[in-house]
Structures are given as structure tokens and as C-alpha cells.
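Presented sequentially are two complexes of subunit A, the first with subunit B as partner and the second with subunit C.
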Partner chain A sequence: MFAQIFISGITMGCIYAMVGFGFALVFNSTQIFNFAQGEFLMLGAMMHYTGTVIFKLPFALSLILSLGTLSLVAIFIELVAISPLRKKSANVIMMVLAFIAFSMLFKNVSEMIWGKYPLMVKGFFIQEHFQIAGIMVQSQSLAVMITTAISLVILWLFFSKTMFGMAVMASAYNTKRAYLCGVSVHIMIITSFVLSAATSALAGTIVGPIAFISPSMGFELGIKGFAAAVVGGMGSPVGAILGGLLIGVLESLLGSYVSTAYSTLMAFTFMLIVLYIRPEGILGVASR
Partner chain B sequence: MQRLTQYGFWGALLIFLFLWPVFSQNPYYFHTGIMVGIMVMMALGLNLLFGYTGQISLAHASFYAIGAYTSTLLEVNTGISFWISTPLGIVLAALVAIIVGLPTLRLRDHYLALATLSFCMVTQLFLVNAKGFTGGSEGVMGIKSPTLFGMALKGISYYYFVLILTLLIFVIIRNIVNSRVGLALETIRENEEAAGSLGVNTLRYKVMVFALAAAFAALAGSLYAHLALFISPETFGVMMSIEVLVVVVIGGLARNDGAVIGAIVMTLLPELLYGFEEHRLLVYGIIMLLLIMFAPKGIVGVISSLRNLVRSKLDSRLPLKEEGNE
Partner chain C sequence: MKKALFVTVIIFVFGLTSVWGADTLKIGVLGPMTGPSSDIGEPMMQGAKLAADEINAQGGVKCGPVKRKIELVVVDDEASPAKSVSGAQKLINRDNVLVIKGPANSGCALAVRQVTNPAKVVLVTPAINDTIIGPDYPYVFRSSCSYIDQVDALFDLLGEKYQNYALLHDTTGVGQGGATSFKEALAKKGKKPVIEETYEVNTMNLMPQVTRVKNSGADFICWSGVGADATTIGKAMKQIGLNVLVGGNNGLGMRITLKSADALEGWIFPDIPDKNKPEFQQFLKKYVARYNSIPTYHPASQGYDAIYLIGQALEKSKGEGGEALLKAVQEGVSIIGATGKTGTGMRLSKDRPVGIASSQLTMWRIHNGDYEMFHSL
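Then we have the complex of A and B:
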């Protein structure tokens, strides 16, 4: 029983971790909280639904459709709103408001396109459950964990082994010096937007078979992603992953042993406590 | 001359607000008018906090909820009157704001936005889950209109009641803004360290403003509850907080007249876009985005730069410099 609860916690934790990771990525490169991150996840899930259920595309194509569309959306947001605002050196709060405006737009547009009601997508595997050592495991849980692990390893390799990835890191770390070294900072910012949107979209495609997908799903998952990033430490993507797993497991344990009503409260309360006691997060470095 | 036209506009607006019920008896207009008043109260408070002091808050709906729930639960369960329960709600909201504000307002910008956002989520989840106490998602029913000297305040009388309270709050906030306190608040917004080194107790001021804004929101909440005569947790979600924020930004940050104009526009807009009710969020989002991108000073900012433009065109004695245009 415990193992099963733990596994379902880790599964949701992976989703929060992916959203939190995307969140930390944009924050690192632009110092802006992307309040539309959850909407990226929702749009990713919706595009995957459109690909597999409506267009009946093969799985891989549908995945490409989803990630591709979201990358375009991210580039659009960056070019239309964030870049002009940065050029005008607008207040950070104005950019946060711009993201809030985008999230309202996306939510409403997807309600127009896909309707308000929850939709279903099929899992990655035909068999729904299987047993390991007497524990019933949802096969989609496994898919979520494997996908998360693979995508995070790829991202890690990208950021630490390739020149391009290091340039993204460099311009996030010190914009001016990176610029002086010949890094095109704007391209790097766009890249981090794209990667952030793509990871969230991927999280959306893998969460679809576990949870129902609907235009309002983005809000809650997005906020838990923020919680993951904040708990782990905004400056550190690794922290966001750990934070996500921690929140997922705690939530699932609380939900099964105490009450589901309070498991949702937990994420927010936990985030508030971390913000009060250690605003830089568990793994974060204090920023001044 | 400029002051004269400005006062002329506000005077005309006031006369209109006081007199139109004489000519029209449509209860729908009263309802809309009262909703505008409620929104103005919330927006003025948030504007003092966000516009003047620079502290973003997404927890405004929580205090709105505290005002609405405290007053109505006290009335429904213990039978005390509106005139006692509403002040109790206001005091409770201010106390909660002080307790929450003391740790929260140490945070800045994004972190403040996130912390207040999670506070808002926590209160709404509490309202839904504490069924025995708040009625859960079914909400509170059986709320009665307040009575004054044996006369029930509803329709036209409630309209005047809300109008007078709104004016009162407008005057209070205007006086705060024009006082030394207002100066301190704007210094905090511009540079908190500098304000601190000039002897402004920044945390105390921020918490004070937070509590004041919460108190006004609680009053608005109670007024809303006694207008709708039914409340449920749905009304008091993060969306409500964002809506107030949108009103403040659209009207024009750090302008009290902006908060009023923003509230009027944002309350009337969905009514005018009748049939577009479904796409309210879309319209809000687009308007907000356009204003952020092209007119960060809001509607009031657009109006005053248009006025300056017209004046510089009319004033042919001066060389045509784009001075008034910023």
C-alpha cells in the first residue's frame, strides 16, 4: 500500500518537477516569473489530444506537434511582449502582469477551441497496469518517470556539454559578460523560453492519461510547479526537480493517510513556510 | 483652467451618480451601480498598496471573502445585525492582514506575488473544505438585507448607501496619499533601502497599508454579500484578485481617479459586451496586454497625454515642441 502511494506521489512529483524546471529556466535567464507556465502545460496536453484523438496521428508525430506548437507560442510571447518590455526596461511587475494576461488569453482561447469539459487521452501503453514484486503499478506512471528522467538527462547534457547550452547558461548567469564574449543574449533568452515551454508541454502530454485534461488544469498544476521551484530554490533547476518530487510525495502521503481535502492545501502551505523561513529555497543561493 | 475642467468633470460625475436614480428606476442599473462601487472600494485599497506603495498583492479576494463570510455567518448563526457584524468582519480582515503581512511583506516583487497568491488559494480551499463552518461549496444562504431605522436597505437605498461609503473611502485614501504618509509610501515604492535610511519604518508602513486595503476589501465583501444575498467560495478565488489587479492597472497605477475609472470600465465592459460573457477573460487579457505594452500608465495616462497633445496643438504661441507628451 505504502509503495503504491509513494509511486503515485513520485509520478505527480515528476510532473511538478518538469513544470518547476521550466519555470526556473525562464526565471534564470530573464528574472521573470512566468505566470503562464501552467498554461503551457495545458496547451501541450490539448495539442497532444488534438494530435492523437482528432487527427489520429501516430504518437511520435503528435508529440512533435505538441512540442512544436508550444515552442512557437513561447517564441511568440517572447517577441511580442517580453522583449519589447525588456527594451523599454519596464518594471518586472509589468512583465508578470503580461504573463497573467497571456494566461487569461490562453485559458479562454482553449475553452473556445476545446470546450470547458474534461477530455480523455489514451496512455502510452496498451496494458494499463502491471505488477512488480506484488505492487500494482499504473503503466503510465512508469512512462511519466522514464520520460521525465530522459528529458532531464538530455537537458542536462545540453546545458553542460554543448557550446550552445553553455552559452544559454552564461547569458543567464551574467548577461553583460556573455554579451561581451560574443553571445547573442536575445537568442539565448528565446532558447530558454522554448525549452521551458517544451518541457511543460511534454509534462502535459504525459500527465494527460493520468489526469483529465481541461482548459482549467493549467492553473493548479502550474501553481504546484511554482511551489516546486520555490521550495527547491529559484536559482537552481536541480532544486526545482527535488522540490517537485518532495511536494508530489508529501501530497500523496497526506492525501491517503489524512484527507484529500488538505493535500492540496499542503503544497501552498509548504511553499509559504519555505518562503518565510528560507526565501532562497532549500537548494538555492541567496540572491542580493 | 485645467483644474477647473477637472473639477467640472468630477462634479458632473457626482451629480450624475446622485441624480440618475430619480430618472430611472431599473433595478438592473442599481445592481450594476452597486457593483461598480464595490469594485471601486477594492481597487482604491489595492491601488494604495500596489500603485502607491509598490507592493503587489494577489490576496485581495481573501479579505473580500473574510468580510463577506464573517458578516453573514455571524448574522445567520447568531442573529446580530449588519451594523455590528460588518465592522467585526473589517476588524478581523485587518487583523489577519497584519498577521499574514508581517512575514509576507518582507518578500519582494515575484516572491510577494507568489506568497499572496498561495494565501489566496489557501483561504479559498479553506472555505470549500471547512464545511461545518462555512457551508462548504454550497455557500451561505438566507442572508437578509440590512435595515436602517426599520427600513430595509435594498435597491435605491442600498445604492445611495454604497455610493456614500465609496465616496468616504475615496476621500480617506486621497487624504492619506496627499499626507506625509503618502510621501513615505511612494518613497518605499521608488527605493525601499533609501526610504529605510531616511527613517521610514518600511515594514510598518507596508503592513499598515496592507491592513487598510484588507479592511476596505472586507467592507466591500460584506456589501457584496448583502447585495447578492448568497455567497459561495467560487466568487472568492484567485480570479477575483486578478480582476481587481486588472482594474488598478487598466485605470492607471498610483492614480485614485484611475482606480475609479478602471472599476467603472471593467464593471460596465462585460455588461456592454452582452453575449460575450464567456469571453470576458479574453477581452480582459487583450486590453491588459495592450495597455501594458503601449500605455503603461493606464486609461488615465492616455487621457492626460491626449489632453496635453490637444493643448500643445492649440497653444500656437509656443513653438511646437512635444513637451507635454513626455
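Then we have the complex of A and C:
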């Protein structure tokens, strides 16, 4: 029983981790919180639904459709709203408000396109459950964990082993020095946006089959992803992953063994306790 | 002379037009036409439209010497109590409806009756929360059954077969109201639920709740909520091997539950239509022919019957709303239509503000990817 509860916690924790990772990426490059991150997840799920159910595309093509569309959306937001505001030296609050406005816009547009009715998407595996070491595991939970692990490894390789990835990190660490070294900072910022949107879109694609998808699914997952990023240490992608897993597992364990009525409350109380003890988060920017 | 004739003709034409324009009997239809509850709101509206068109095809409702056609004014409340209240206010103050059919959701109905009752507008709602109807709200009627009736029908079927009942419900008006009804019914049996677990609508991970239910040793789960979340619960139950019977309200009849029917195999619920009733079969045929889709049965059938009942009441009140319409309904209106067991029908009166009684309910289960009526376990 404990194993199943832990696995369900890790499953949701992976989703929060990926959304939190997206928050951290954008924060690193722009010093702003992207409150449309939850809607990136929702749009990713919707595009995957469109690909597999409406256009009946093979899974791989549908995934490319989802990630590609969200990458374009991210570029659009950066070019149309964030970049102009930065050039005008707009207040950070204005940029946060711009993200919030986009979040509402995406939700409403999604409702117009796909309706507000819950939609079902098939899981990655035909079999609903697998028996692993005597534990019954929902196949989609397995898909979530495997996909999260693979995508995070790929991202780690990108940031640590490729010139481009290291340029993105350098630009986030110190914009002026990176510029002086010939790095195109604007391209690096756009890259951060694209990667954050794609990560959240991937999260939406893998979480959709667990329950059902709807235009309202982004809000709660976005908030928890934000909490993951804050707990892990704003600006620390590794911290965001750790924070997401911690929140997911805590929510599941506290809900199962203490009370389901207060599981989310307890998870966020944990967040406040972490911030009280260590305001920069578990793996805060200072310790990166 | 020519000018005077011209003016007379104009006045005559406008006078006639205004008489024609005032001819319709406006009925508001308020419910979730979009959103997670649209599986209930849309069939209710479409059932109502079907009935209205049939009545109008016969010339309309007889109001004294003339016949007046029904005009439905539809408002989407998206299952939000706030939007439902503003929708009701629009229907009453701007559209001047005589009566409102809806809302479909219990939370919305509880909010809207605070508007319609003081405004003396008859409200005919299918929402099942037991507290919606009461002596303080004489203008409120129910075109369905009460939640407690569903629970009574369910427990009559179960008999003494089960000992340990778990309650699992969402935090909406239906969920909370259902939990109260289940607890009352259990108290009559001298029992208490062994555990009560709640969840927010659209929660993705319900494993903690399902795990706690399993740990409680429950041998029957009383579920109350909106249909879509049942699939999440069903999947979690399968994952942890929780193989107990689940009985719920007719929210399980929302067609979204069939999209994960294998996760809900065997779940049972009482409902108001009777698949074997000729009137229901006829209604379903007409509905499918018109809308090219199979509806969630209960909102469609009661939406259809309710318009006929409202038509009867408007005939008695000669097209008047307010107190005259209330008196007409209280004197009694009835129809053997698409709702209720074979040989029975929907009936409203002063002593019977709830249209369908528990004896008129039928039992259903999700089986082999469809809904199936049955009589015993």
C-alpha cells in the first residue's frame, strides 16, 4: 500500500517538477515568474488530444505537434509582450501581469476551440496496469516517470554538454558578461522560453491520460509547479525538480495517512516552513 | 385625407405587430450548456426545445380564446452559482420570462431560488439536493426526484447485503447534499459510514482518498458527485485492487462515464427514465432523429416532460406568470411522458413539489460499455 501511495505521489511530483522546471528556466533568463506556465501544460495536453483524437496522427507526430505548437506560442509571447516591455525597462510587475493576461487568454481561447467539456486521451500503453515487484502500477504513471527522467537527462546533457546549452546558462547567470563574450542574449532568452514551454507541454501530454483534460486543468498544476520552483529554490532547475517531487510525495502521503481534506493545505504549509528556514529555497540560486 | 389614411394604416399595422409580438410565452432555460456539466445541461435544453417545438406545432398553449406559442430563452450558467444567479436575473428582468426551467446543478439551484422566489417566478429545477425544495420556497418545484429518493431506492435494492459503507463525494452541492442523504439513510438502518472522504471536482490524483477507503474495510462505497471524476476514482480503485461495489447518484448516467466504462464496470445508480417504457422509447427516437446523438437520459427526458407540465400550467393560468402560474401548478399538473417507470409519470402539485417519487425510479448499472437496467443484485 505504501508503495502505491508513494508511486502516485512521485507521478504527480514529476508533473509538478516539469512545470517547476519551466518556471525556473524563465526566471533564470528574465527574472520574472511566468504565470502562464500552467496554461502551457494545458495547451500541450490539448494539442496532443487534437493530434491523436481529432487528426488521428501517430503518437510521435502528435507529440511533435504539441511541442512544436507550444514552442511557437512561447516565441510569440516573448517577441510580442516580454521583449518590448524589457526594452522599455518596464517594471517587473508589468511583465508578470502580461503573463497572467496570457494565461487567461489561453484558457478562454481553449474553451472556445475545444469546449469546456472534459476530454479523454488514451494512455501510452494499451495495458492499463503493470505488475512490478508485486505492486500494481498504472501504466500511465510509469510513462510519466520514464518520460520525466528521459527528458530531464536530455535537458541536463543539453545544458552541460553542448555549447548552445552552456551559452543559455551563461546568459542566465550573467547577462552582461555573456553579451561581452559574443552570446546573443535575446536568442538565449527565447531559447529559455521555448524549453520551458516544451517541458510543460510534455508534462501536459503525459498527465492527460491519467484522468481527463480540460481548459481549467492548468491552474492548479501551474500553482503547484510554482510552489515546486519556490521550494526548490527559484532559479534552480534541479531545485525545482526536487521541490516538485517533494510536494507530490508529501501531498500523497499526508492525504493517505493523515487526511485528504487537508493534503494540499499541508503541502503548502511545508512550502512555507521551508521558506521560513531557508528563504532562498532548498537549492537556492546562491548555492547553484 | 390621404395623410390621415396613411397614419391610420401605420397605427393599425404596428398595433397588429405588437399583438403578434406579445403572443409568445417566454420560458427561461437555465443550465450548464458548456463545461464539465454540459452532459446534463445540453440534453435538458434540447429535450425542452423538442417539447416546445411539438407544442408549437399544434399551435401553442391554449390561453383562453387564443393559442400562444412557447419561446425558450436559453442561458448558459456554466454550472457556476454566480453565473446562474446573474442568468436568472437577466431572464426575469430583461427577458420577462414567466417561468424558469433549471438550473441543473444543485449549487446553482440553491443560489437561484433566492432570486426567483422573491420575484414570484416559478422555478422548475431538476437539481436533486434535498434542501432546494421547502416551505420557504413555494415557487420552487423539482422536475426530477430528490437525492434521498435515489438513496432510498439504492438501499432498498441492497437490503442487508452490506455492512460497512464508505462515503466518497465531491465538494459541490450535489456531492455534499448526497453525502447528507446517504448519512440519513444509513442512520435509518442504524448504521454510520465507516469513513467519509471528499475531493475537489477535476482532481487528478484521487489515490489518497481511494487508499483510505480501502484501509477502512468498507464493503460498499456510496459515491456522490459529477460523473467525470468517477472515472478517476474507478482507475485508482483498479490500481490498488479495491474490488467493492459502488453505488451513486444518477450523475453516473452522464455519458462521459462511458468513455472509461471499463474502470466503472458494475457501478450502480438509480435513475428516472425507464428504458422499457414506450413513451421513453418514442422520446429517445425523436431526440436522436433531431440531434443525431444519444443524450444523457435523465436530463433530456425530464427537460422534455417539464415543458409539457409547464405548458399545462400556463394553460390553466391563461398565460399568466407569477401567483396565477403558481396556483395553476399547485392545483396539479401531470404527464405520463418520457420520465418515470412504465405506467407512471411526472406530477407536480402543492403537496407534491417533487415530480418523480422514489417508487418511480429504475435501477441501472454500467456494464459492457453501456448503461443497463436491472432489478436485483
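By definition in this document, the second predicted complex is superposed on the first by the 281 of 288 C-alpha atoms of A that agree within 3 Å, B and C clash if a C-alpha of one lies under 4 Å from a C-alpha of the other, contacts with A are read in each partner's own complex, and residues count from 1 in each chain.
Quick note on the criterion: a residue touches a chain if its C-beta (ideal position, glycine included) is under 8 Å from a C-beta of that chain, and two chains touch if they have at least 3 such contacts.
Just so it is clear, the structure is predicted and the values come from calculations on it, not from any experiment.
S.K.: What does the overlay on subunit A give for subunit B and subunit C, a clash or a fit?
M.R.: Aligned through their shared chain, the two binders fit side by side on subunit A.
S.K.: Quick check for you: in the superposed arrangement, does A:Phe23 touch first (subunit B), second (subunit C), both or neither?
M.R.: In the superposition, A:Phe23 contacts neither subunit B nor subunit C.
S.K.: Taking the superposition on A as described, I'd like to know which of subunit B and subunit C A:Gln138 touches: first, second, both or neither.
M.R.: second
S.K.: Go through the superposed model and pick first if A:Met104 touches only subunit B, second if only subunit C, both, or neither.
M.R.: The answer is first: A:Met104 touches subunit B but not subunit C.
S.K.: Per the contact definition in the header, classify A:Ile5: touching subunit B only (first), subunit C only (second), both, or neither.
M.R.: second
S.K.: Give one of first, second, both or neither to describe whether A:Tyr49 is in contact with subunit B, with subunit C, with both, or with none.
M.R.: After superposition on chain A, A:Tyr49 lies in contact with neither partner.
S.K.: Quick one: classify A:Pro118 as touching subunit B (first), subunit C (second), both or neither.
M.R.: second
S.K.: Figure out whether A:Ile210 sits in contact with subunit B (first) or subunit C (second), or with both, or with neither.
M.R.: The answer is second: A:Ile210 touches subunit C but not subunit B.
S.K.: Which of the two partners, first being subunit B and second being subunit C, lies in contact with A:Phe33: first, second, both, or neither?
M.R.: Only subunit B is touched by A:Phe33; subunit C is not.
S.K.: Which value, in Å, gives the least CA distance between subunit B and subunit C in the superposed three-chain arrangement?
M.R.: 5
S.K.: Which positions of subunit A sit in both the subunit B and the subunit C interface?
M.R.: 111, 261
S.K.: Report the residues of subunit C in contact with subunit A in the complex, numbered from low to high.
M.R.: The touching residues are 34-36, 38-39, 78, 197-199, 202-205, 207-209, 211-212, 214-215, 228, 231-232, 235-236, 238-241, 256, 259-260, 262.
S.K.: If you look only at subunit A, which of its residues touch subunit B in the complex?
M.R.: Subunit A reaches subunit B through residues 27, 32-33, 35, 81, 84-85, 90, 92-94, 96-98, 100-102, 104-105, 107-109, 111-112, 219, 223, 226-227, 230, 261-262, 264-265, 268-269, 271-272, 275-276, 279.
S.K.: For the complex, give me every residue of subunit B touching subunit A.
M.R.: 56, 103-104, 107, 109-111, 113-115, 117-119, 121-122, 125-126, 128-129, 238, 242, 245, 249, 278-282, 284-286, 288-289, 292-293, 296
S.K.: Where on subunit A does subunit C make contact in their complex?
M.R.: Subunit A reaches subunit C through residues 1, 4-5, 8, 11-12, 111, 115-118, 120, 128-129, 136-138, 207, 210-212, 214, 216-217, 221, 251-252, 254-256, 260-261, 263.
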